[in-house]
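In what follows, chain A forms one complex with chain B and a second complex with chain C.
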Partner chain A sequence: MRLVRCLALAAGLGSAVAGLAAAPAVAQKRGGTLVQITQPEPPTLGSYISTANPVGQVASKIYDGLLEYDFDLKPLPSLAEAWTISDDGKTVTFRLRPGVKFHDGKPFSSADVQFTVMEVLKKVHPRGINTFSEVTAVETPDPQTAVFRLNRPAPYMMAALSGYESPMLPKHVFGQGDIRSHQNANTPVGTGPFKFTEWRRGEFVRLDRNADYWKPGRPYLDRVVVRFIGDTGTRAAALEKGEAHIAGFGAVPYNDVKKLEKLPNIQIETKGYEMLSPVVELMFNTRKAPFDNVKVRQAISYAIDRKFVIDNIWFGFGKPTNGPISSNFAPTGLYSADVTNYNVADGIDRANRLLDEAGLPRKADGVRFEITHDITPYGEEWRRFGEYTQQALAKIGIKANLRYEDVATWLKRIYTDYDYEVSSNHLFNLADPVLGVHRAFHSRFIRPGTVFVNGVRWSDPRADDLMDRATIEPDPKKRAELYAEVQKIVVAAAPLAWTHEISFATVLDKRYRDVIVSPLGLFSSFDRAWRE
Partner chain B sequence: MRGMRLVRFILTRLLQAVPVVLGVVVLNFLLLQLAPGDAATVLAGEAGGAPAEYIEQLRARFGLDKPVLVQLGLYLKNILFLDLGFSFRNNSPVLGLILDRLWPTLLLMGATLVISVGGGVLLGVVAAIGVRTWRDHLISVAAVIAYATPLFWVGLMLILVFSIRLDWFPTSGMEDVVAFHEGWARVVDIAHHLVLPTITLSLFYLALYTRLMRATVLEQRGAEYATTARAKGLTERAITMRHVLRNALLPVVTMAGVQVGALLGGSVVVETVFAWPGLGQLAFQSLFARDFNLLLGIFFLSACLVVIVNIVVDVIYVLLDPRIRVGSST
Partner chain C sequence: MTKPFWIRFVGNARVLIGLIWLALVIVGALAAPWIAPLDPFAISGQPFVRPLDGFAFGTDSLGRSVWSGLVHGARTTLLIAVIATLGAVAFGGLVGAVSGFYGGRTDNVLMRVTEFFQTIPSFIFAILLVAVLSPSATSVVIAIATVSWPPIARIVRGEVMSLRSREFVQAAVTLGEEDFVILFRQILPNALSPLIVTGSLLVATAILTESALSFLGLGAPNFMSWGFMIGAGRSFLRDAWWLVATPGIAILLTVLSINLVGEGLNDALNPRLRTP
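Let's look at the complex of A and B:
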């Protein structure tokens, strides 16, 4: 089977075609300001050095990537008009769009791609260090061609080339000086639909329309202003009053989402998170008794009533699950439902039986053993999830005491000191399992001091090997088979108990159309958004 | 003669302030070391994870890989040259970050001081003059309620009523980010945005000054000099205005001096509720981000401000009450 995928689209503007297909019969209007609420305020606008959520929400309007993606996570042309992958998967050639200009008027060329990937993303981008680890060189035979040379095939790389994940920077701006503390981090220059105008700290970032944008006629909006409002009640009030028009990623708590949903001027959108796919997990310290016993871990996995959690804590915004890979990967074949099902009606009975078998009988007071459960310090629903976990564990004879600390303290406890028994977290699957899933349980990711990795310190050579093979497997079908096997193994071993996929809710003012049009949602450029 | 003495007094006090401020800096620095986790962990945590190499890179860049005492020494050396350092988290110099937030803070603080001190003095006097009348009762009860109500609740209620229901004021922010007014229109716009946060923040202090003023006016009106004045045949109005008021103001000035220090960092709640870009929020965020350079910078500035306000309060004492002398060695 030839693996050459030549996607040179005759129209040259694949996204424009896709846009026409999706858009209603209403003509888009020019003009208007969209006010977006982002919480918290980003520490920097350098999305090439920080992957913090708020940074991406702002910078994705300013920087383009080589590719865009549709809701099935299929790549679409962006700064790259077309691309080919060699049979051995070790050479990827991008044909770049001619005539694209940066906001300062200088042309975009293959030299910028080379600089961005080799000098910036591969070196200082928190995830780019992994994404581009196989890239040994980017060759630039001419200004419109960039050739990526890879050590081994890296199929996941093709999913990580959006303007959010891998922003293309101007070499003539960022090539001078230290990239880690570059003065232009906070006065960004990109090729995107909106130009940076002003950042007033504590208030807003103002982005104005890029009149020379390479997509003809786009963007439709004159301006995007990103506001920072620290209080949840005020955020809801600003949206209700129409002072702000869009907020996502939990900026509005679910109980307020439910209230705002009833207003005539507001709509709630749960699409636009398909390339992030957070999955909630209970973490077990698998090197500490009794959690080194698989039966104990399985018992707790059985004890969590997924539906109850979703309905009562996440206000219905979620989907029950058993495994680490989100069902958003179903279109790519990487998701498998053929795993141990912990989400069963007699879960509590099974859990009790497992704990008896594990040699942890109930004592006179009905308690088998006592633990401390560390609540995830990310706000209301996490606190309630912690309280729910306490109750669920009580039902199977485990007495859990709750501990609540601030983010920095908690991170250190879980990922540096491993001084915990049970905690919870949610890891984003991101654009590919290699980028977002392996880190949770591959032995390579047992790294004290590195956060959001294998903090459970579980290790299984078979799973490691399967993941390593899937990483470099260019054939999608074989890759899917490898991942099906990985999911079967880890779900049975339950180093973590995956409970549900979170659906974030985006609160949107109904006057604005075509805002959420990609699996990256608020991390996309808003070039198609328009105001009625 | 008196002028000379005043200048000498101020200079001496400023000199004495230097070791105090330095002591505050050292103490703050050491206290912050007790907080677990560091800026690099938090940055990586916010990013949803990062490789160990990256976190080590960050630590080295932030200077967090050096021993604590070396870090302290470097910090003190910089502070002596008034260099507040660099906020790596915000990728910009600390001084610039603080100065950007200073004028919104001063605006909110100034407006609050004027309303709470002015209103408090007025209401206190009215209540004291009409002691045990309906006016006194009304003012006293209102003051207790205002004093006891949590600020965030007042703020949210004001937004609900005056912004969403009546549509008189914007919910939050400092100016209209759709219109971006210029010139006078901008001044009016900012004033419009200032109303609700000022009222919210003023209520508590207004209540405080009202109660304080009422009590001291009542006390002073019973003092011997007031009786003497009455014996001389002065009207109650003249006694209150010319004699009692001046004496009764002293405790209020003291309180106001304390309040300025608290207002600088203590309006976190109001700033958060109304998305006002003040220093309080900045300090709050930098603590949770473990951005200690920035936090120490804010502490340093607050310490300086408190010292200066104390000196100003002492000078005001002299102007209000000639019996108090500055710089007298007692």
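Let's look at the complex of A and C:
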């Protein structure tokens, strides 16, 4: 058996803590209320059934997961004290922490793990359906042991066991009734550091300290209040005045973030999004001429000035890229920079040459061909990105007409009717490429009607095969090699033009410490956060 | 002896000011390709250049010239507003004329339909129409025309009804003229002055509606317009005031001018206000 020992991890945790404490060691103080701004108000608190961003921002304080993660995306113990993965990768055994209680006082045991994974996450969680697809059974030889039996190895599953992604639910509460419309969805009961107290619709959710939390002495804060403020300006003002203390995920627009950064009481944190890693992409309808021609797709990839886009549209909160996998995966080895580099100074010249080679010469008016670009209907920066793209394409002789529709119409156009030529989007890489990256170009994900999948309808048996092998490859090194190959193939074929990674910015009040301590950022439990 | 129409009209100082500004805007709009040769969406300089610093009105967040946006925006805004108003006047006029001329059941049906349109809050209705039709120049024109015609129909109906019983119309009826000949030859020319006044004021409303739609991101996406400029610049109000202020002032002055001219027209055309 290849053991992943708790000890090694504990050492890792120790060094991480030491790293954080490198600043003058201050003792954490008890007490205080943290006001978090979440935008918009979540439709539910059932994070086991909805992956909508605001849901996770609230529910992650209430539910724990089997594991936590450090900034290098390495698993750390949480509800599971230790775990072992068999050599064939098909059995994963978790030793659960004894003495953990749910907020209603009942003990947490392996039966809860079995129930949560088999009855809830595998069935109704939008991503859990994929994450746990290989899990055939969860055995419970004793209350402190949960054994996952897998059909094939699923290394990505180990990256998806946080309290945000796979919250552990009490069987005695959620075991009764229909899980899809459970009465406790909005009065959640978990094992997390904060207990649900009240949800006043349109105003706030109040979470109070769980005095019986299993981590001794924690949490340090008395209360977390999640406020919902509809107006952008008011949100920025609340943070400026110290009435609210934390907001992330674009709740404050980038240009306002720049302004708040200059205030003495505010700090801007771009860490804490490593397990999400959105990558902006231009989508090409690869089954429609002229985008069935790889040279046309490459030409457009060359035409985008990444630096201009990041500096002027995302106000510096981004990082240029060429490929689908975020550089946040560099510590795990899954990110590879050894791909075609489209981000070059003479990009426009190269693009023009490629289009000439593709047999699409400029006509008398300087235009090679005309297309429609469907702008992502997500707001200001996406609109500017569309307008910028129009200008960039004009330089290489492509006349782009912009079309702007509402989200539902746009989604249907791109992912159901495939009635488009070029569009843009950003997909989250999530905790592992299997969960967040394959969907964009694996041919298994050409699923009319399913959104945020392979809407470009690109299909390449070689890439498919490599991804399938990487999915079940337990050895991290071999897995990294497979993904390096995938990235090389897909970037050269350019079914999408990946332009940059978005860095979300969290606006944080400086009086609060140790708030963003994990790659899940606002989706983590805040058990270590404290107020000066 | 009353003074001729043109003298009465232009002799009014407010009208003159309004006309001068409108003339400037119209000339600017017509001459846009020559006085601002760049595509208004073209990135032509550094972002956030202040006014007079190489660009007469500065640049926006992507480095697009605000001056270019203003003159090309005038084109879009005026064109959409005028076409939408013409559409509304034509359709509303027809409905009102038929309704007022025939009366009875026809009138009843047409007026209930008109009321149906009048009860829907017009801006919400316009947003809905644009969203359903998907934003484009045509759908914006259709939306504005659709929400603007009912008042025209009402006014024309009233005028036609009162003219219908006048002797010269009855004389025409007695002479056996066809209905539409009576309507278009005898009645409508006499109902023209309130129609012109309302129509001109409607252009101002149409400009405001177009700007509001563009501000909300529902304008024609490939056309620069003043509302679009304000919408794109509003996030930078605190850092780059000129992005919002210049198109905002342009809208204000244009709408004000149209109102001044419209009222001047009313004063000049209304026989009761004529000074002997």
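As a working rule, the second predicted complex is superposed on the first by the 508 of 532 C-alpha atoms of A that agree within 3 Å, B and C clash if a C-alpha of one lies under 4 Å from a C-alpha of the other, contacts with A are read in each partner's own complex, and residues count from 1 in each chain.
The criterion applied here is as follows: a contact is a pair of C-beta atoms (placed from the backbone, for glycine too) under 8 Å apart; a residue touches a chain by one contact, two chains touch by 3 or more.
None of these values were measured; they are calculated from a predicted model.
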Clash or fit, chain B versus chain C on superposed chain A: fit
Which superposed partner A:Ala408 touches (first chain B, second chain C, both, neither): first
Contacts of A:Thr44 with chain B and chain C, given as first, second, both or neither: first
Chain B versus chain C as contact partner of A:Pro253, first or second or both or neither: second
Touched partner set for A:Arg227, first chain B, second chain C, both or neither: first
First (chain B), second (chain C), both or neither touched by A:Gln57: neither
Chain B versus chain C as contact partner of A:Asn322, first or second or both or neither: neither
Where the C-alpha centre of chain A sits as vertex, the angle toward chain B and chain C in the overlay (nearest 10 degrees): 40
First (chain B), second (chain C), both or neither touched by A:Gln36: neither
Chain B and chain C, minimum CA distance [Å, superposed model]: 7
Chain B and chain C contact sites that coincide on chain A, given as residue numbers: 406, 409
Touching residues on chain C, where the partner in the complex is chain A: 39, 41-43, 47, 61-63, 131, 134-136, 217-218, 221-222, 232, 235-236, 238-239
Sites on chain A touched by chain B in the complex: 33, 35, 40-41, 43-44, 46, 50-53, 124, 126-127, 129-130, 180-182, 185-186, 200-204, 206, 225, 227-231, 233-234, 237-238, 240-241, 243, 406-409, 411-413, 415-416, 427-428, 439, 447, 449-453
Chain C partner contacts - residues on chain A that touch it in the complex: 232, 253, 255-256, 259, 308, 312-313, 375, 380, 383-384, 387-388, 390-391, 394, 401-406, 409
Chain A contact footprint on chain B (complex, rising order): 35-38, 41-55, 57, 61, 86, 88-92, 97, 100-101, 104, 152, 155-156, 159-160, 163-164, 167, 170-175, 177-178, 180, 271-278, 281-282, 285, 288-290
